[in-house]
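In C-alpha cells below, several structures.
Next, two complexes with chain A in common: one pairs it with chain B, the other with chain C.
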Partner chain A sequence: MALQSLDIKQRSATTTPSTQVRQTVEIAKLIDVSACIGCKACQVACSEWNDIRDEVGNCHGVYDNPMDLSAKSWTVMRYTEVEQNNKLEWLIRKDGCMHCADPGCLKACPAPGAIIQYANGIVDFHQENCIGCGYCVTGCPFNVPRISKEDSKAYKCSLCSDRVAVNQAPACVKSCPTGAIQFGSKEDMKDYAAKRVADLKERGYDQAGLYDPQGVGGTHVMYVLHHADKPDLYAGLPANPSISPLVSLWKGFAKPLATLALAGVALGSLFHYVTKGPNEVSKEIEDEIEREDALANKEEAK
Partner chain B sequence: MTNHWVDIKNADLIFVMGGNPAEAHPCGFKWAIEAKKNRKAKLVVVDPRFNRTASVADYYAPIRPGSDIAFLGGVINYLVSHDKLQHEYVKAYTNAAFLIDEGYGFEDGIFSGYNEEKRNYDKSTWKYQMGEDGFAKVDETLQDPRCVFQLMKAHYARYTPEVVQQVCGTPKDAFLKVCEYIASTAAKDKVMTSLYALGWTEHSVGSQNIRCMAMIQLLLGNMGMAGGGIGALRGHANVQGITDMCAYSQNLPGYLSAPNETDKDRTSYLEKRTPKALRPNQMNFPQNFPKWFTSLCKAWYGNAATPENGFAFDWLPKLGGPGDTLAIFHAMFEGKINGFICQGFNPLSSVPNKKKVGDALARLKWMVVIDPLATDTSEFWKPHGEFNDVKPAEIPTEVFRLPATLFAENSGTFTNSGRVIQWRWKAADGPGDAKDDTEIIAALFLRLKAMYAKDGGAFPDPILNLTWAYTQPAKPSPEELLREINGKALADVVDPKDPTKVLVKAGEQLPSFAMLRDDGSTACGNWIYCGSWSQAGNNTARRDNSDPSGLGQTLNWGFAWPVNRRILYNRASADVAGKPWDAQRTVLKWTGTAWGGNDIPDMRPNAAPEENVMPFIMTPEGVGRLFSRELMAEGPLPEHYEPFESPLDNNPMHPNNPKAKSNPAARVYKGDMEAFGTAKDFPYVATTYRLVEHFHYWTKFSQINAIMQPEQFVELGEELAKEKGIKAGDKVKIRSNRGFIKAVAVVTKRIKTLDVDGKKVHTVGIPIHYGFKGATRPGFITNTLTPFVGDANTQTPEYKAFLVNIEKA
Partner chain C sequence: MIRDPKDLKRYTASERANHWVVGISFILLGLSGLAFFHPAFFPLTQLFGGPVWTRILHPYLGVIMALAFVVMFFRFKHLNKMTPADKEWLSKVDQMVDGDDHNMPEQGKYNGGQKVMFWALAISMLLMTLSGIVIWRAWFDLPVDIVRLGAVVHAAAGAVMIGLIMVHVYAAIWVKGTIRAMWYGTVTRAWAKQHHRGWYRQVTGK
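What follows is the complex of A and B.
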C-alpha cells in the first residue's frame, strides 16, 4: 500500500491505462522448501509486522496451527508426511499469496482499485475499496484470499509492499533463520533456485525443480521443490494452476454486460452519494454484483 | 561447544543425535544449512522421531530412546574393526597408548570395584600404570593388552551391528549406513561435527552418552578442527553463562570444584585439586588451580582475605552432601528444608514427578518466587481443576511473589553455546514494580548484613566481610559486576622470570588469567571470564564481525572464554610437527618461532613441536582420554545400561546379571525406586521434548506463541494408534506409575514401531510446554509422568526414556 501510483501496473475494475515511465525491477520471493524447518518464525513475523493476531485455537492432531489462512493469518505452514522412494519425508510448505503475474483475484474483482498489481509484481489488496464480494476467492487458483467475518473485507499477504517500497525485504524473509526464504529480483531468485536445484539433484532428488507456474504467467512467490514433478505432494500445491473458467467468463463474455450494468450503477451511485452518502452505495453495488453473479451463472449453465 | 555456532558451516558431516537443533535451536541451525549449501556437507540424524531436523537431513535412522550407548559403542567397534581411524592423531593426541592398572577389569556389565549396597565404585583400579619416573607408562605400538587401545577394542567388540539392532531397534542396514558416513571423516581432510543437547544429557547414563561421542571424535581426529568438535547446544540464551558462573551445586565460578565438609583447610583443599603432570613436558594447566581459587577469594572478600586467614577459606560454605536439584527436592519432600527462594525457576513444571514436587513444596514454611511471570510453581497450592488437583486448606506454605524484570528489561551479558559472551543492552523498562534480580538480591543481602551487624549471630564473618563495593550498594550495575568478574590487579603483577618487569599495574583490569596469582595480589570473580573487561574496556560489547580467514572466527566480536579462544584444543588441528591436517581449514600452525593462525592458540605460544607439549592442556596427561580413569561414576569406558524404566526384562548386553540392568552407580532414593513402573502395566516407551513454537514454560504466557501451538499434544506412531483405536485429534490419557495427563493425539508416520530384542516397542512422544497458567489452552504438566532419577554424575533427570500407557480419554 505504500507504493505510489507511478508503480501501479493494473487496478481491478479499471480501464485507465497504467503508467509507463518508471523503470521497475520485477521482484520475487523464493521459498526453498528443502531448507525450511517449519519453525513458523515467518508466521510470527507476519503477524507482528502487520499487527494481526489470530485466535488461540486448538490442536487438531497435526503440527499445523493456525490450521488455515485467515483474515488474520496471511501465511501458514503446511506439514505433510509422505513416503517417496521408500523414504519418509516430512514436507513443510509455507502457504500464502503467490503474487501471480496474471492474478485471477484482480481479474475477478469488480470493485475499482480494490486489487492492485504493482510493476514489481506485487499483488496488493486495498481494503478501503473492497466490497467483500468474495470474487477474489473464486478467482484465485491457489485458494488464498480470506474474507474477514469482522469487516467483510478480503485479506491476504501483501508481500510486505510497505517494506519493499522502502527497500526492505518482507518480514517473513527477514525472520527466516535458515535462509529458506530469499528475496530479490525475479531473475536473481531464478539463478539462486538453479543452484539449489543442482544441489538437490546431487543429493538424489532427480525431480527437483523450480515452481513458477506459467498457467498464471509465472508467480512472484516461487518454490524450490524436491519433487517438482509432484507439487501436489506439498499439501495440494496445484500442478497446473490457471484462472477459474468462471473468471474468464466474467472477463470475456459477461464483463461487457457487467460493465454496462456497473456504469448504470455508478450513475445511480453518484446520485445516491449526493443525496444519501456513501454507506448504502456499497450495498447497492453488492446487490448489483449479486445480479451479475446470477447472470454469469446463467451464462455458464448455457 | 568445543567450537562455536558459526563454525558448524566448516563441517563436512553434521551428525545430530541427542538433539533436534532445527526445533530447539533454529537460529544456530542456520549454520548447518550453510554447510549443506556451500560445502556440500551431509546432515545425518539419529533420533527416536523423524523430527524437524530430520526433515532437512540427508539420512535419518531411528533409535529406541535410552539406547544411545549401544549405538555409539557400535560405531566405535565399526571404526576400530574397519580401521577407520586417524592413526597419527590417535597415537599422539589420545591416551590410546597408556597402560592401565592390572587390577582394572570388566565382567558381565560391572567394572572392578563395585559396591552393590552403596551403588558406587571403588575406582582405585581405574588408573594408569605408573613408571618409576613418576609418569604413566605407555606402549606406543598400541599392542600391549593392557593399553587403552586394546582394552577399548575388546570392550566394544561386543557391540556388533546385530547387537545394535537388537538393543536399539535400528535396522542393521541403517546403522551401517550411518557408520559409513561417520567413518568417512577419519580422513585428515574430512571433518564431522556432533550436535547434541538434552537428548543425550537427560538419561541415567547421560554423561556417558557424551563420552562416547568424545571418544569417536578423538578416534576420527576431529577434535580441535574447524568444523569438528562436539557441540553441546544449550537451551536458554544464557544457560552457558549460568553454568560458567556456577549456578550448579558442586562448583564455584569457572568450574572450580567447591569445598566440601571433608576439606578441613585451604592447604589440603588445594592439594587435592591441583594435579601433577602424568607425562613429561605437559602443560597440565589445572596446576594453576590455586591461582584461580585464591583470586576468587580475593574478589569475594577483598582486604579481609589475607594469607593469615587462608584467604577466607573458612568463610566459604562447605557442602555436606549432594546439592543437585533432585537432592534438594528430595530433602524438601522429607521435610528437611523449610524455606525456598525460587528464582527464575519453575520446578513444579520442570522437575520430574510433579506430585512429589508439589508435596515437597507443601512441606515448606515459606517460598519466595522471584520471576517475571506468575509461574505454575507460584500457584502450586491453588486448584486448577484436574490440571492441579490440590486442596489449599492442607497446604500451609506461605508464598511470596517478587516480580522481576525480563532479560530485555535489563542490561548484562548472554553467553551462548559457543562460549561467546555478548553484552546486551536494556530495551525497555520492566512493568509495574518489577525489579532487576540483582536489585532484589542486593536488598536481601543488605538487610541480612544489617541484621548480622546489629544482632551478631553464630557466624557473621562471611556476611559482614563480603566485598560489596558498588556505587549504589542497593543497585549493583551490570557493568560493575562484569568488571568484578573479570578481575583486577590489587598490587603490581610482575613477570615471574623478571621481577623488575611489571605486567599489570595495581588497580588495572586484568587482561587474561595468565596474570592471576595465588599470593593475594589479584582478584578475579571467574577465571575463565578474565579478559572480558580488560583495560581496553568491555570486550563483550565488541561488534566487529570481520572474518579475515573466512572460517567465521570473528575474533573481535564479543569475547569467547577462555582468553577469546574460539575453538578449544585447537593445537590438535595441526600434526605433531605443527602442520595443519587440512590447510584449507587452518586454525593453528607452527610458524617456526610461535603458534599462529586464525585463533588464540590453545597451547603455550612458544612451545615448539619438538618440546612434545600435547594439545589437551587441561588434562595432566596432555592428551584426550579414550579411557577416563576414575573421573566418571559408572566406569572408565561407557557401557550400555537400560533406562530405569525399560520395556525389556533385562539388559540384552547382560541378560543374566540384574545388577547391570540399569546404571549400577545411579543414585535412587527410597520411594522413587518403588515408583518406577514396569512394562507389564506401562508397555510403551515415552520421551519428552521441546517444540520450536515454545520456550520451556515461559512462552505459553505469550499470545503469539500460544497462537502458533495452542494446546498440549502427544505423538504416537500409526501402528500403535491403530492398535489402540486412536485417531489424530482424539483426546488421549497418558499414564505412568506417577500420574496421568490428557492431551490431543497426533498420529504420525514419523515415529516407527521398533523391533527390540525380539519385542515390538512403541514410542510415545510428549512435548513439555504446557501447564495450567498462561495464554495457551490450560493443560497438564508433562513432568507429572517422569521418573525421579538422574545421571550418576550430574544427576540430570531421566526425562527422555520412561514407561507409559495410553488410551482414549
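What follows is the complex of A and C.
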C-alpha cells in the first residue's frame, strides 16, 4: 500500500530480475485458530491502522460482519459451526491475504509494479500503478483482492508492510488479546506452531497441524488448525491451493511464443513480398481488355 | 470522380464504411489488448492516454467492433459459401503463394482462401466477444473458473486473430489493385478477370 524501504524480490509484469543481492529474513504471521475467541479486535485494528472505514452494514443474523472482504475490509473473521466427533465446534478463522511465496495475483497482473513481493515475503499492492483490470482477482487461489467501486484500484491486506519496514509487528498482531496472532521470522513461527500443534494433539485433536500450503510455495500467513486434515471446514479454506492451471497457461510460456509467431508472420510477409514480388495484373489480361474496348468502340462508331 | 467508367463496382459506400469501422476498431483493440498481453507491449498504453484509460477503453471499443462485425457478417455471409472450386483452389494454395496463379481454378467474388479467412475471423470474433465480456470486471463478476477460462480464450483467440488480420492485410497489399476496393469501391476489369474470373463474368456478362 505505502511507499517504503523493503527490498523488492519480484514485481508484476516485469521480465528482468529485481534486487537479489541482499538476503532478508523471511517473516510470517501465524494465526492460531484454536486460540481465537472471535472478538474482531484485529478487524478493528486493521481499519484503524490503515485508516479505512468500511460502510456500516447490516446484521445478517450471524457473527460475520462485514460478510466478506472488501476494498475497505482487508481482514474479516469467518465463523463456522460444525459437528466433529459428535461435538459442536465453533470454528473462527481470520481471513485475508495469505502472502503466498508464489502469488497468483502477481503472476496475473499486467501492470508493471502494481504488485510487489518483498524479499521478506510480503505481497503488497501499489495502487498508484494499478489499472483496475481485476486480473489479480482471477489469479488469486484464495479469492482475496477486491476492486474498489470508488477508484477501481485493487486492495487487500498489506501485512502492514509500512510497520514491518520499521520493525513493528502488524496492527492485528498487536491488538489480539489472546495471542492468537503471532508475528516473527517464518522459522520462528514454524517452531511456535509446532509447540501449539503438540499441545492440541495432547488435548485430543489428533489431526491438529500447521497450514502452510506448498502448492503456492508456502505462505507468509499461516494457520494452526485443530483439523488440519480438513481445512475446508474453516469457511472453505482450500485444502491444496495452487495457482490454477488455466492461469499458468494464460500467463505461461505460450505468450512469448505467440509474440514470436506474430513477429514471424509480419517478417514472413515482408520477405514474401521482397522475394516473390507483388502479384500484379498481367499485361496479357490488360491487353485483352483493351482490345475488347477498341472493338466495342469501333462497333459503336458504325 | 469516376476513374474509368468501366471499372467494376465491388463494394457499396456503406459496405466500405462498415468494413472501416471494424478495421479501425480492430487495430485499436489489437494495440490496446497487446498492452495487457505481455509486458513487452505495455508501453502501447501510452497511445490511449495511459494504462488506466487503455483498460477502460478497450472493452467499449470491443462492443463497437462486435456490433459492426455482426452487420458485416450478415452482409457477406451468403457470398462465402464453400464450393468444390474453392476446395480445389485451397489444395493448390502453395502455387498461389509461390506467385504462380496459372493453375488456379476460376474463382467467384471470393476465392477459397478469402472464404476460409471469413469463417476463421467470424469464429474468432465470436470467441473474442464472449470471452471479452466474461473478463470485463467493470461490469461483470462471474464465477472465477469461468473468468479464468475466458482469460485464456481471449488471449489465445486474440493472438490467432491478430495473425489472421496480418495475413488479410498482407494479401491486400500483395495483390496489386485490391486496396482501392476498400477506398472507393471499384476494381479494374483486368483485376477482376485475373483474380475472380467467375465474378468478372457474372457482372460483365462475358
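Observations, loosely collected:
One rule holds for everything that comes next: the second predicted complex is superposed on the first by the 247 of 302 C-alpha atoms of A that agree within 3 Å, B and C clash if a C-alpha of one lies under 4 Å from a C-alpha of the other, contacts with A are read in each partner's own complex, and residues count from 1 in each chain.
As a working rule, a residue touches a chain if its C-beta (ideal position, glycine included) is under 8 Å from a C-beta of that chain, and two chains touch if they have at least 3 such contacts.
This is a predicted model, so every value here is computed, not measured.
Looking at the shared chain after the overlay, A:55 reaches chain B, while chain C stays out of its contact range. Residue contacts after overlaying the shared chain place A:131 against chain C, while chain B stays out of touching range.
Residue contacts after overlaying the shared chain place A:199 against chain B, while chain C stays out of touching range. In the superposed model, A:92 lies in contact with chain B only, and not with chain C. By the touch criterion defined above, A:111 reaches chain C but does not reach chain B. Once chain A of one complex is fitted onto chain A of the other, the partner contacts of A:150 are absent, as it touches neither chain B nor chain C. Looking at the complex, you find that chain C touches chain A at residues 6, 35-40, 42, 51-52, 54-56, 97-99, 101, 135, 137-138, 144-145, 147-149, 151-152, 155-156, 159, 162-163, 166-167, 170, 173-177, 188-191, 193-194.
For chain A in complex with chain B, the residues that touch the partner chain are 34-41, 43-44, 47-48, 53-63, 65-66, 81, 83, 88-92, 177-180, 196, 199, 202-203.
For chain A in complex with chain C, the residues that touch the partner chain are 13-15, 108, 110-112, 129, 131-135, 137-138, 143, 147, 152, 244, 246-247, 249-250, 254-256, 258-259, 261-262, 265-266, 269, 272-273, 276-282, 285-286, 288-289, 293. Considering their complex, residues 22-23, 26-27, 29-30, 33-34, 36-37, 40, 50, 52-56, 58, 60, 692-693, 703-713, 727-730, 744-750, 775-777 of chain B touch chain A.
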